[in-house]
Amino acid sequence: MVSLTPMELEALQLSLRVAFFAVTVSLPLGIAVAWILARYSFPGKPILDGIIHLPLVLPPVVVGYLLLILLGREGFLGQWLYRLFDITLAFTWQGAAVAAAVMAFPLMVRSIRLALELVDRNLEAAAFTLGAGYWNVFFTVTLPLIAPGILAGSLLAFARSLGEFGATITFAANIPGITQTIPLALYSVIQTPEGELAALRLAILSVALSFAALAISEILARRLRTRMVG
Amino acid sequence: SPNEGRADSSVESVTLFAAASTTNALAEIVELYKDQSDTRVRTVFAASSTLSKQIVNGAPADLFLSANERWMEHLIDKAAVDPKSKRALFGNRLVLVVGPNNEAESGGQHQKLSPSLPLGEILGTSRLAIGDPAHVPAGIYAKAAMQSLDLWDDYSDKLAFSGNVRTALALVERGEAAAGIVYETDALILPKLGIVGTFPPGSHPPIIYPLAIVTDRHSKAVEDFYGFLAGPEAAKIFARHGFSPSGALQ
Amino acid sequence: MLKVDVEKSLKAFHLNTRFECESSGVIALFGRSGSGKTSIVNMLAGLLTPERGEVVVKDRVLFDSSKGINVPPQERRLGYVFQEDRLFPHLTVRRNLLYGWKRAPKTERRIQLEQVVEMLGIEALLERHPGKLSGGEKQRVALGRALLANPSLLLMDEPLAALDQARKEDVLPFIERLRDEFDVPIIYVSHSMEEIVRLADTMVLISDGRVEAVGAVDDVMGRLDLRPLTGRYEAGAVLSARVSSHDNEFALTELEFGGGTLRIPLLDVPTGTLLRLRIRARDVSLALTPPADISIQNVFKATIVAIGSETGPQIDLRLEAGGAAVWARITKRALMSLKLEPGREIYAMVKAIAVDRHSLGRVTGPDRFLSGE
Amino acid sequence: MLKVDVEKSLKAFHLNTRFECESSGVIALFGRSGSGKTSIVNMLAGLLTPERGEVVVKDRVLFDSSKGINVPPQERRLGYVFQEDRLFPHLTVRRNLLYGWKRAPKTERRIQLEQVVEMLGIEALLERHPGKLSGGEKQRVALGRALLANPSLLLMDEPLAALDQARKEDVLPFIERLRDEFDVPIIYVSHSMEEIVRLADTMVLISDGRVEAVGAVDDVMGRLDLRPLTGRYEAGAVLSARVSSHDNEFALTELEFGGGTLRIPLLDVPTGTLLRLRIRARDVSLALTPPADISIQNVFKATIVAIGSETGPQIDLRLEAGGAAVWARITKRALMSLKLEPGREIYAMVKAIAVDRHSLGRVTGPDRFLSGE
Amino acid sequence: MVSLTPMELEALQLSLRVAFFAVTVSLPLGIAVAWILARYSFPGKPILDGIIHLPLVLPPVVVGYLLLILLGREGFLGQWLYRLFDITLAFTWQGAAVAAAVMAFPLMVRSIRLALELVDRNLEAAAFTLGAGYWNVFFTVTLPLIAPGILAGSLLAFARSLGEFGATITFAANIPGITQTIPLALYSVIQTPEGELAALRLAILSVALSFAALAISEILARRLRTRMVG
């Protein structure tokens, strides 16, 4: 196998790191939001639902732009983050992770919500009658039952994060080694009139990565399913 | 000319692919050309490298205005433009700009930058925005200039790459980057930005903007507009925007 | 003591239920589909909150709207066996069984895994997941799980309804053993009279969200005014009888009741045991003189107490035999030709095989019933 | 002529079914759950392809593996009423009903919408969607839909199984009318003996994928060797009798059969009608002398033909009354005390109300049965 | 209400045209592919499934790049399209529609496939026994039953197409009036110094459009659902 160039390796590592953090950090929030959407109905629910779905249908550059307005160093929230905690998100890999997380969030929430809606709430009622408290029921009954949904959602979000481009380039710019994930690196070389070979290599790397993510997701989902009916 | 994708086929149209740095000047020129001709002029601005690549791939450009020689030569090599039509229109200079609130001493565009430039102080914890030196002409010039001033090795990890020169400028304007290396013409359109100084002309290859007609795109409309761009009225506008006249080149 | 006094409106349905009885043995909730049985059980379990009222189980107040008491379900310690199994699909049978046990206070873990597993005969299933168990196996595990939570009361909401007849026969004996071997009172919801006669001591008759009657099963079943609720097709009387002897040669058991002796298919219970048995009206024939040379084994003297006024070919007669109420269903033609009328003494004939094991129940404690409305 | 000779392996289950009978009246497929009834019906409908064999309906070869014939389901023109309703949720009742009708060849549209709607009493439902109909209404619409396809044969796979008792009673009369009023033969799958006795003429007994018996319902039901399959609890005999008179005063109908007269609750059928009725063994008692002064209405002379050899308290006796076979179930004790033995003449007693409408069926055509294995 | 500038209007019209064609042209194929995935199992199925899901997880720029390699004027297929039919997809609005269609395809297929898997096949069997042939059953039973899924999938794909950026900018470039859809226009103005106001206007237009698509999808889905049980 052809070995990766340092630039490719850097982009690969960065992509994996960004996607990993994007998913793990947003997962608890994703579960919480999915829970609220699946279990409660309240006046503002369609609006919340709409806002969460926005990144799915909104152009990624718009999302990046809104993030910039909100979290940029001069942004509404960003200036406070900077002044109070000296945190800058723009131009950092954390910023890229935020962009990826926001873009992948609706996919994650959809999966988990679907799983939650399919959970037989009678099983939770049964657990209550057996003496389990709310959190106990959540961790011993609900969570294991929605595990396939969480897994599917996480992997989809992970894969989506690996591919995130528009929001990242707008919000976190394209800094090699810092925010230049594989898609951004690829974009750079595609612009370069002599970059054909480099582009092809990155594209293949990208396809391989995506296929791997899909395959792992499929395998894990199947394993979970068989465990369930074991 | 075979203008694909055109909305109204009864009106002739000309598509110009031009370096991002010429955005404002060309807007004015196109506006002016409207009074003289029925031809609809469509402009596409991006990094010269991006445009060059797109033209090779068959993008519907009639004319190409590049911010350096290299990407024009590339198109000539690929027989994508008519080499006979190539002519250098004007030149430019490279400056270091800082954001409106930056405390750095702004000597204006007449200040010559030297290796003693306190770039570390100017940047602080922030970054220096430049065009992606892998392909964007402004970035290629910037890298050369930094190298010749011995700044490259110390600050190459403080850079933020942009897809074209105007993105770099926007990053400085928005305060996301403390400073940026852009063309003098770019800096001039945002008076609120501070110009720390100009890179000495010898610190980077000469900045030249060649214009050429894309292969097989010769038509009366294209040639008319080509002539207009190369003509005195356009030259006046380019000069007003700060581009150096072609006579001053070399 | 069990006290239920709850009120709640569920859309078009208004539930207003009040009854009180001793909390021991098996208390059956009987009523038509949609009469509110499940709702009542859910209120006992704490899964449904009454709008107003009081729920007291074994002197522990679980709910009292006037005092603002509402013990959450996980603290009520009532075992609930649902109509469908509701086993946790992601846990093995063993971990399902232990789910409630682990969460019961250590001091109250009288009932242990081994006991229950042995009683229910589910050793072989312990390491399997519920997904692949048969319906009957699932329901047995569900019984075990509820029991192992060591509850102060077991709630069973039609635990056999989802099973076919063969599976029912599979599970019923375990419910009987559970009733007989563990000292846990049971509230048993069913609309199968067979199951109720076989299992229950006390019966609460629910209709349209209200309690129509509370009492010993025989009393409630014997009441003519409740016929529309207890069902005409199933019409019959429940009477108590004591096992007097076993006849192994003919595989028959003899029972003594107020009206005399009854022979029924052999039972595996000690002599002296008090049984409750159900004689369906359609299995009772009448004769004016003691019939001779017939295959019918049970003939006893009885007095006609009342004659129904049904239209149609058949008519129900209420008989009294030594203090016990018995029902007979005969044709109007027989009524006329035999000139039967109230007060008349006749002989009632019941085939031995008409009283099968489906219509038998053991009386575990006499006089459980206290009061009701 | 109906000929089914199919073989197929379904994982662990091997189906090898062969029977032939006249294709008229109602042919019941009876067998335990999992015996392969649905699979057979699906092969008839063309929804399941046999590995080998032949299917011929009314002399039309629908499948023949040796000749490579396999008519696709949409060309078989067999109406199929499924266990669940399977109505199209996106179409109104009217469009559901007409779905098959529109696709039937114009020349074969003998049965029309108005007729069927009127017969099934579903005028009021026509513009509604199936989603909100009750179970019984849905099944009636499903009957109508299959019928309106003007099929050459109707397949019904436990069409009542998904309904509760009340709904069943709602739909059964319509199946009877459909059988009586339209000249469409019916293959009726059920494991309810009641339904079969009430509806069917011919019966195919399936066990474990094989045909155990084919014949007239009374013959198959009367065979002692088939008891393990037809069921002991339900043991009894099916006999044919003719309506001789109606007694409106007492709401009774008199029937004549080989052994004498039978009185049963009033029926709304003309005198002279041939009926099939089922007398359960447990409802028959015996007497050595003609009993007097008893409420039992039906007493007829019979001869003991055979005595069963069951263990346990009860025993089944086969009687013969004027050529008709009747079963009686009595205790062993009675057998001994009355000294009953084969050849002995006795009096059989049957309560009139024991023969209710559930155990009655009309004989539409005699001798439908041709051959089988 | 503030009126749109000619550039915004052009971008809006173009966006709608691109999204509309992307969805309508790919819908029959989407139904066919969903059908194959839902109804058949064959050796290469996981691979087909993977390929179809690829655009969901692959960086959009990679998709754009692959499209360029495949359908560009010098691409494997593109050169034949050009020589034989004089069709050029790259850098045309049809190319933008192709890019959008490819990116939205997995979302469309997922929805339709899910609906197909939920269809009670017994209803189809019932229709066969009533004399309906294969296509007849498909059009009178299957299609009406999966209509909500088709609708949801189409609207999701439409919304996704409205927002497509990375693949479009790579395959179709950013040519005003030809391939400059709203996201690309927004990207342009974000790059332009002093473009804040223009960017904000376009972002709001984008958000409004997305919300509208989501809302219409929700309303239509609800109407279909009630019709079903009507």
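To keep things simple, chains are lettered A, B, C, D and E as they appear, and every chain counts its residues starting from 1.
In this section, a contact is a pair of C-beta atoms (placed from the backbone, for glycine too) under 8 Å apart; a residue touches a chain by one contact, two chains touch by 3 or more.
This is a predicted model, so every value here is computed, not measured.
Minimum number of contact steps separating chain A from chain C: 1.
Shared contact partners of chain B and chain C, listed by label: A. Residues touching across the chain C and chain D pair largely coincide in numbering: over half of the numbers involved belong to both copies. The chain with its C-alpha centre at the largest distance from the centre of chain E is C. Chain E has its Cα centroid 22 Å from the Cα centroid of chain A. Measuring from the averaged C-alpha position of chain A to that of chain B gives a distance of 37 Å. Between chain B and chain D, the centres computed from C-alpha atoms are 91 Å apart.
Separating the CA-averaged centres of chain C and chain D is a span of 34 Å. In chain B, the residues that reach two or more other chains under the touch definition are 56, 163. Residues of chain E in contact with two or more other chains: 190. Under the touch rule stated earlier, the contacting chain pairs are A-B, A-C, A-E, B-E, C-D, D-E.
Those residues of chain E whose C-beta lies close enough to touch chain D in the complex are 120, 122-123, 125-133, 136-137, 140-141, 144-145, 147, 227-230.
Interface residues of chain D, counted against chain E in their complex, comprise 45-47, 72-80, 82, 84, 86, 88-91, 99-100, 103-104, 128-129, 131-132, 145-146, 149, 155. Against chain E, the residues of chain A that register as touching in their complex are 46, 50, 53-54, 56-62, 65-66, 156, 159-160, 162-166, 170, 182-183, 186-187, 190, 199-200, 202-203, 206-207, 210-211, 213-215, 218. Those residues of chain D that touch chain C in the complex are listed here as 33, 164, 247, 250-252, 263, 265-266, 282, 285-289, 291-297, 311-314, 328-336, 338, 349, 351-354. Residues of chain B touching chain A in their complex: 47, 49-50, 52-53, 56, 71, 74, 125-127, 132, 134-136, 157, 159-163, 171, 174-177.
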